[in-house]
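A quick write-up on the structure given underneath.
To keep things simple, chains are lettered A, B, C and D as they appear, and every chain counts its residues starting from 1.
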Amino acid sequence: MIIVMKQNSSDEQINEVILRIEKLGYKAHLSRGVERTIIGVIGHEDKSDIQSFASLDSVEAVIPILKPFKLASREMHHEDTVIDIDGVKIGDKCITVIAGPCSVESKDQITRIAHVVKDTGARMLRGGAYKPRTSPYAFQGLEEEGLRYLVEAKQETGLKIVTEIVAIGDTDLLNKYADMIQIGARNCQNYALLKAVGQTGKPILLKRGMSTTIKEFIQAAEYILSGGNPNVVLCERGVRTFEESTRNTLDLSAVALIKEWSHLPVIVDPSHSTGIRELVIPMSRSAVAAGADGLIIEVHDHPEEAFSDGPQSLKPDQFKECIKEVAKIAEAMGRRMI
Amino acid sequence: MIIVMKQNSSDEQINEVILRIEKLGYKAHLSRGVERTIIGVIGHEDKSDIQSFASLDSVEAVIPILKPFKLASREMHHEDTVIDIDGVKIGDKCITVIAGPCSVESKDQITRIAHVVKDTGARMLRGGAYKPRTSPYAFQGLEEEGLRYLVEAKQETGLKIVTEIVAIGDTDLLNKYADMIQIGARNCQNYALLKAVGQTGKPILLKRGMSTTIKEFIQAAEYILSGGNPNVVLCERGVRTFEESTRNTLDLSAVALIKEWSHLPVIVDPSHSTGIRELVIPMSRSAVAAGADGLIIEVHDHPEEAFSDGPQSLKPDQFKECIKEVAKIAEAMGRRMI
Amino acid sequence: MIIVMKQNSSDEQINEVILRIEKLGYKAHLSRGVERTIIGVIGHEDKSDIQSFASLDSVEAVIPILKPFKLASREMHHEDTVIDIDGVKIGDKCITVIAGPCSVESKDQITRIAHVVKDTGARMLRGGAYKPRTSPYAFQGLEEEGLRYLVEAKQETGLKIVTEIVAIGDTDLLNKYADMIQIGARNCQNYALLKAVGQTGKPILLKRGMSTTIKEFIQAAEYILSGGNPNVVLCERGVRTFEESTRNTLDLSAVALIKEWSHLPVIVDPSHSTGIRELVIPMSRSAVAAGADGLIIEVHDHPEEAFSDGPQSLKPDQFKECIKEVAKIAEAMGRRMI
Amino acid sequence: MIIVMKQNSSDEQINEVILRIEKLGYKAHLSRGVERTIIGVIGHEDKSDIQSFASLDSVEAVIPILKPFKLASREMHHEDTVIDIDGVKIGDKCITVIAGPCSVESKDQITRIAHVVKDTGARMLRGGAYKPRTSPYAFQGLEEEGLRYLVEAKQETGLKIVTEIVAIGDTDLLNKYADMIQIGARNCQNYALLKAVGQTGKPILLKRGMSTTIKEFIQAAEYILSGGNPNVVLCERGVRTFEESTRNTLDLSAVALIKEWSHLPVIVDPSHSTGIRELVIPMSRSAVAAGADGLIIEVHDHPEEAFSDGPQSLKPDQFKECIKEVAKIAEAMGRRMI
C-alpha cells in the first residue's frame, strides 16, 4: 500500500508513520515529491492496517495496491475452473442453460415446465421454494413442499436443480434437496449465509448484489472459498442505476472483467436484469458473446398466472427461439450448447 | 391499479382483461383514450395481481396507485411513534445520540469509550460484536465476548446498548444482551432476518441498504411490524452513487420524506455515510435540521488503533464539539438534546 | 395521462380538476376507487399540462401514459431507418465500423492510423479536433487544423470522417469538413447545440449522456429530428454507476430497448464505455449480439504516446483480432461486416 | 503520481518506465515490494502523462496524488471567497436567498412574484428566459423578451437578477441584462460555454451536473477561473441515483466537502433537487446547517398555472414559512439572513 502524507507534514509526522509501518512488520520506502511526500509500504497488505494509517491526522490518503481477493484470483489459479454439478459442468466449452419458473407454484406446474425446458435444451432446472419478496404480503414460497416438488421434477426429467437459500437454518435442508444452492442478490453480502454455505461442499450459484462492485462480488465468493467450498459459480444479474425503463442495468463488462481477474465460471441472468420479456433473447446472445459460461432464464408456460415475475418470463416457444439464437452465437464463440 | 393497454389492442383483448379483473374480485373501469385504452382496477391492490396483468401480451403497463406499505404508513397511524428503549426514547422532542466505536475491541476499550460518550451527552452506546466485513480476512468481531463487554460498559455507565445482528441463530443471544438490535445496511433486505427480529419485542434499529429505495426501506420495516414487533427505528446511512470522494452519498431528503410517509422515528448515521471525519459534524447538524430524531456517531479515543472504521471516527474532543453544535440546531428546531 | 387524487379529496376538489381538464380541451374520465379517486385525461398529452395538474394540492400524482417522443418512435415509423453517410450506410444488414484515435494529434498520426483501420475493415474514421476535457489544463484539440488533417486522411484512404462538435459557432465549419458530426456524451442534453445541428442536413452521431435515461436519450434525438434533420444515429457509450473498476457501465440492454422503441440505428462505443483495452473485444462482440448496427472503436498505433485515452485504445493487431471476432458474431446474427 | 507495475514485470520493463519518466522531466523513485514494484513520479503531475504511462503493457495502474484543480483549491487560496453581485454578497456571514419562478412567463407574472420574494427577504430574483427542456415540444422560454421583463422587475424591486445561459451566442445578451449568469446542470460540463462565460467578468452561478462528481464539479469551475473570471458560485442541486421517489438525490455532504477543498461559495437548490414542495423547507434548513452560503428557491404564486416546475414551487406563504425557519438555523450557525 502507499501512504500519501498531507501537504507540509513535518519530519516528525513522517517519522511517526515510518515507525508505525515498521512496528507492523512492513518495510517503509520514503519518496519526497514536490507537493507531497509518499511512503511505500512493503509487505503483504491487510485491510485493517490501511485503515489504521488512514486514521492518522498527518495522512491524506492510503492507497491499496493489490486486489482484495486471493483464492478467487487468476493470479493464484491460472486455468479456468470447471464446476461439476453432479455431472453437469459449468465453465467448460459448453454453454450451460438453467431454466424454469421464478417460483415453484405446484407439483404440476414445476414438472410441466421442467419437461418443456428439458426438451428445449436446458440442463438444469431453476425454481424458488423460498422467495425473498420486497413486500411481506407477497407470496413467500412453498418452502420444503416446494423443494420436494423440485426433486420430483428432477426424477422425471433428469434435470439437476438449483434453488435459493434465504436463511442459514435451511442449509441442511437445501444441501439435501438441491444439486446447487443459489445465494440471491439481496444476500450477496450476507456474510453469515456465505460462511454457512462455505461449510458445505455443494456447488453454489452466487448472484451479484444490486449495488455490489465487481471487487466486492469476488470478495463475496472468497468468503465461500475460504470456508473450504471451492464450487462457486458467479452470476451477473444487473445492477441498480438511474435508468428506469429496465428493471436493472445488465453489466456485461463485469462478465469479461471477472473472467480476466478470476478463474471462476460466470453465468448471466437476462430475465431479472432486464425485467422485460422482449429483451431476454438479445441479452442472452450478448451474454454469451461477452464470454459467459451459461445462462439462467425464467420460463413459464402461463406467465399471466405466475405467482411472481411473469412479465419477464419467456413462454415455451420464445424459450425455444432463445436457445436457437444463442446456439448460433455459441458456435461463433467456438462453444456448444450441450 | 391502472392497466394501460397496448396501442391498437382489440376489443377481445380488452374484454379478456376486464374478465380477469372481475375474476380476481375487482371492479373494472374502462376509459378509451385517443392513443391508448386504460382500465382502472378498483379494490385493494395486491402486488402479484399487478404482475399477473403485466404478463399479458395485450398490456403495455400496469401502474400501481397505492404506496406499498400499510402498518408503517402515516395514513394508518397519524401521530409520530416514540420508541422506548428501556427508558431512552427515540421520536419525541429529544434528539437522541447513540455513540461508540465501530467494533468492540476489548473490555477496556469499550468501557473507556462508553464513559467518554456518556459524559459528552450520548444516551446509548454502539459497538459491533459481530461485524459484516467485505473481506473474509478482516476482523470479524469478538462475538459473544464482545456482547458481554458491552453489558459491562452498560452497567458502569447506565448507557443502553445497541449492537448488530448478522445471523438468525444469534437472535436469542442478542435479545438477551442488547437493549436494541441493529440490522445493518447489508441485511436491510435480508427478509429472513427481518422476520426473526420481528418475532422479538425488542427495539430494532433498521439501517437503509446501500441501494434500497425509500419505498423498499419502509417495506423492510413493514416486515418487522407485520411480524408483530412495532418497535422500529429507521436509520439513513447513505446510499451508493457514482460519487467517489465520499464513502456513500447521505440522502437527507429521505429523512424528510420518510417523516411525511411514515410515523416511525428516523435517525441518521453521519459516520458511515460520509466516511470522512471532517464531514461528521456538518452532516450531524444537517440531519437534525432535516428533522432526524437522533444520530448514531462513531467515536474512538485512538482511531489509529481501531480495528475498523478509524478514519471516520470522531475523537473525544471532536465529539464534544459535535454535540455542542448539534445542540444549537436542535434548539433552533424547538427540540433538545436530553 | 392519469390523475390520482389524494385520499379523502372532496367532490369540490375533484370537480375543480375536471373543470381544468375540460378547459384545456381534454375529456375527463372519473373512476372512484376504494382508497383513491383517479381521473383519466383523454386527448394528446403535453408535458406542461402534466405539471399543471401535479401542482394542485388535491392531486397526489399525475402519470403519463405515452412515451415522450414522436418522430423517433417506431409507432410513427415502423421500418428501420438507414442513414447514408455519403455512401456508407448505418442501419442496414452491414455492421459499420468506425475507428481511429481519440484525438487528431498530427497530420502524420491521423493518416497513418487511417490506413491501418481502413486496411482492417473500418469504413469510417474517427478523431477529435475539438476535445471536451475534464481539466482546462489538458490538451483541447488541434481545432480547424485537426479538421484539415482529417480531410487529408479521408482523401488518402476514402474513409468517411466523423468528428465532434463542442460549440454552436463551429457548426458551419463542421458541416463543411465532416461527413458526420458527433455530439459527445457531455453535450447530449445541450439542447441549443442539438437545435443547431438539427438545422443542418448532415448525419449526426448522438452519444448518450453519462446519466441520460433511455427515454431522455431518444428525446435528445427528437430535438434534432424535429429541427428538420432526420439523419440521426444513436450511440450507447456507457453510463455512470457506482462501479469503479470500469470507466463507465456499458448498457447493452439500452441497445435492444431502443431498437424496440425507435426506428433509428444504434451503434456502440466499447472503448469509452469500459476504459480498459482488454474489454474492448468482448464488448464489441456483445454489442453486435445485442443488435447494434455498428461500432466506434479507438485505435492507436502508439497508445503510450497518445494525447488522450491511450489506455483504452486498441493497437493495430488487437483491432485486427477484434474485427475478426466481431465478424463471426455478425455472421451468426445474419449480418456482414462490409 | 504513482505507477504500479504488473506482477512479474521485468527489469527491462521497469527501466523503460523510468526512462520515460525522466524523459518527461520528472524524477523516478523505485520501490520494489513483495508482490508489486511501484515507481513514484516526482514533479507536477499532468493528466496526459498519467494516461501515457497507463497505456504501457507493463503498467497495472497509475494513481494520481494531487487534486485535479488549482485556482479553485483552498491550498492556493486559504480564505473564503466572497462574490459581489452588484452589492449583494455571497460567501460572507449572510445567507443569501435567491427566489423566483422557474420560468419568466409574462411581465406581470415576474414583477408580481419579484415583489413577493423581495418582501419576504430574498435579495436576488431567479427566472429562466432560456429554458433547457427535455422535450423539444415543451415551452422553451420567452428569450430576450423574458430578459427585458426580468430587468423591469429588477427596476421595480431592486432585486439583482440571475438567469440561465444555454448558448454561447447569447453571452453578450446575458452579460448585458443579468447581474449573475447561471450555467444549468445539463451544461455543467459544456466546456465551450464555460470558456465563454470565463471571458466575461460577470458573476457565474454554476450548477452541478446530474452525474458530475465533486472533483469534476470543481474542475468545471476551474475552467471559468482559468479563463480569467474569478466570480464563481457553486450550486449543489441534487444528483442522479437509483432513488425514484425524489426527482434527484440532494448531496449535502458535497457542500461540506467543497467548503473543505475550495474557497468558492456554495449555495443549494432545494427545489430542483427534491422536486417535491413538502421537502423544500426541511432541505433549506439542512443546507444552511451543512454550511451553505445561500439558497435558490422556486416560488410561484399560482404554481398550477406555471409553465414549468409548478409541483416543486413554494407558494408565497410557504416561502415566508421557509425563510422564517431558515433564519433560525442561520442564527444557530452564527450567520444572518440579511
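Throughout what follows, contacts are C-beta pairs under 8 Å (C-beta built on N, C-alpha and C of every residue); 3 or more make two chains touch, one makes a residue touch a chain.
Note that the structure is predicted; figures quoted are calculated from it, not measured.
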item	value
Chain separated most widely from chain D, comparing mean CA positions	A
Pair exhibiting more inter-chain C-beta contacts, C-D or B-C	C-D
Whole-Å gap separating chain C and chain D, where each centre is the average of the chain's CA atoms	26
Chain centre separation (chain B, chain C; CA means) in Å	38
Chain C, residues touching no fewer than two other chains	211, 240-242, 244
Of all residues in chain B, those that touch chain A in their complex	20, 46-48, 51-56, 68-69, 130, 132-139, 166-169, 186-187, 189-193, 195, 210-211, 216, 219, 222-223, 226-227, 240, 303-311, 313
Parts of chain B lying in touch with chain D, wherever the complex brings them together	211, 213-215, 239-246, 249-257, 260, 273-274, 276, 278-279, 282-283, 285-291, 328-329, 331-333
Residues of chain D defined as touching chain A within the complex	2, 4, 7, 29, 31-36, 38, 40, 42-44, 63, 65-66, 75, 211, 240-242, 244
